[in-house]
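Next up: the structures, one after another.
In the two complexes that follow, subunit A is the common piece, with subunit B as its partner first and subunit C second.
Now for the complex of A and B:
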């Protein structure tokens, strides 16, 4: 099962590799991105960032959906990490079983703040991206904002209103 | 007090230089406190207080941009006050905590300034002004170290008598509770460490250490001695595994492509 889908600009780093993977006891970390999965250097760097005992994969949206929808994936504990809301929406549309938690943690600071609104200290969204999350919420894919396990989980739709 | 203040200022510089130069681990309370103790002429006290402080800050680690307490400064000031005020290690632990908080605040302020320099670094690089780039880098390092020196120097020069008065003013009842509380902090430090480190693979080491103390009444020295031997065994085992692993059949590009999917499902 997919324990969590996390949106994080920095993909696999300490908060993901150590803290969350420990908290959720995952055995697989899958970075889903059509662009990064094409980039050999980034793929090998991301695989190196995975802690011992956890296998890391970097897959395109279609391949990830295919592999996660396979019944054999049900017994795995998977943490998905993405850095692009559009691809998040594309992946969620293809998944048969939705992730247990949808978490937006760090977003919008790496690509640049131009035209983005501050949602929280670590999340900045453009109008287009806000719309993506509103559409997802209508379909029942409700995100929370929770950078670390010790932080309180705040519903994203509440943050978007406020 | 001037000499002591200079010594603590220098300890701050040394410890922070270790963090600037590379992750040297000089900012672990164990090391930071020992350095401070040596500079203040009391290495034994430095090590003793350092061991107590290391336990408290054991689980504190910086995780992806989240700045925890500055345990290096906690180590320096905990040790300095323990020696200068001749306070018990438990009091040193309590006194170190506000300084470890202050440290992150000061570092944040430094980061504001350092971040504002990024565009200037960039311009120097674009114009191929390597000398100017290096100069700016050295200025930044100098300000970083000077700031920690001043913190150590001023705090000890101006603060020691106040801290002394404060420690003497605390009634015995509160002092006793403080000692009990400080005694519990190592358990908290250990618990914090285990949140991020606990695994079935590492659990035996925890129980070996616990057993040595609980059943054989081992002191820290005895536990550390056997711990070093066990660590050596574990590292040798790891190195052996890695060298063998490298010699294993190299995967061809095609088989790697096919096996990725299999690898995903199999443990």
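Now for the complex of A and C:
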């Protein structure tokens, strides 16, 4: 099962590898990206960033959907990490069973703050990206904002109204 | 019995360590950081810790440097059975002790922190996914 889908510019880093992976007791961390999965250096570095006892994978959107829709994935505890809202929407459209939690944690700084509005201290979205999340919410894919387990989870649609 | 954790150091290392831990693991109310500033008195830090703890607390002190003045000053607290002092503290160890507060795990956590100190070199290999299931 997919315990969480997290949007994070920094992909596998301390908050993910140390804190959330323990909190959610995951056995797999899967970075989903059509571009990064083609980059051997980034793939190798991400795999080395996985904590002991957890296997990391870097998969394209189609490949990830295929693997996660496989019945054998039911017994795995998976944390998905993506850094692109468009690919998040593409993946969610393909998944048969949705992630238990949809969390946007760190986004916008790496892509560049130009043309992006501050939503929270760690989330900056363009108008186009705001629309992606509004469309997802309408389909029932509601995101929360919760960088760390100890932070209060705030519904993204409330934050987008504000 | 409540657990109290103290980071002690030369200068702002202890405060910086606490901030780094909180960036990754969130706010830690049971962690207090004390740094010895130039001209400061290491015993004053230890007295502050001593006044803050009771025999009912389970106390862990992470110090920066064995033989350094703050750790030397903290040594006298270790005659209490409920006080543990560990030196050579780093972010790996600091994270471990806040995320898993079971004191019986401390030796393992120290070992983990030790193995985290190593040369790290990227080994580039092709993107395999055949061991996913």
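In the analysis below, the second predicted complex is superposed on the first by the 162 of 162 C-alpha atoms of A that agree within 3 Å, B and C clash if a C-alpha of one lies under 4 Å from a C-alpha of the other, contacts with A are read in each partner's own complex, and residues count from 1 in each chain.
Keep this in mind: a contact is a pair of C-beta atoms (placed from the backbone, for glycine too) under 8 Å apart; a residue touches a chain by one contact, two chains touch by 3 or more.
Computed from a predicted model, the values in this text were never measured in an experiment.
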{"item": "Room on subunit A for both subunit B and subunit C (clash or fit)", "value": "clash"}
{"item": "Which superposed partner A:140 touches (first subunit B, second subunit C, both, neither)", "value": "neither"}
{"item": "Subunit B versus subunit C as contact partner of A:53, first or second or both or neither", "value": "first"}
{"item": "More subunit A residues in contact - subunit B or subunit C", "value": "C"}
{"item": "Which of subunit B and subunit C A:112 touches, first, second, both or neither", "value": "neither"}
{"item": "Subunit B versus subunit C as contact partner of A:76, first or second or both or neither", "value": "both"}
{"item": "Partner chain(s) touched by A:45 [first = subunit B, second = subunit C, both, neither]", "value": "second"}
{"item": "Touching partner for A:27 - first (subunit B), second (subunit C), both, neither", "value": "first"}
{"item": "First (subunit B), second (subunit C), both or neither touched by A:37", "value": "second"}
{"item": "Touching partner for A:10 - first (subunit B), second (subunit C), both, neither", "value": "first"}
{"item": "Clash with subunit C (superposed arrangement) - responsible stretch of subunit B out of 56-64, 110-118 or 128-136", "value": "56-64"}
{"item": "Subunit B and subunit C footprints on subunit A, overlapping residues", "value": "14-15, 18-19, 22, 28, 55, 57, 67, 70, 72-73, 76, 148"}
{"item": "Subunit A contact footprint on subunit C (complex, rising order)", "value": "23-27, 95, 99, 120, 122-127, 129, 131-133"}
{"item": "Sites on subunit B touched by subunit A in the complex", "value": "62-64, 66, 195-196, 198-199, 201, 260-261, 263-265, 267"}
{"item": "Complex contacts: residues of subunit A adjacent to subunit B", "value": "10, 13-16, 18-19, 22, 27-28, 53, 55, 57, 67, 70, 72-73, 76, 147-148"}
{"item": "Touching residues (chain side subunit A, partner subunit C) in the complex", "value": "14-15, 18-19, 22, 28, 37-38, 40-41, 43-45, 48, 55, 57-59, 63, 67, 70, 72-73, 76, 148-151"}
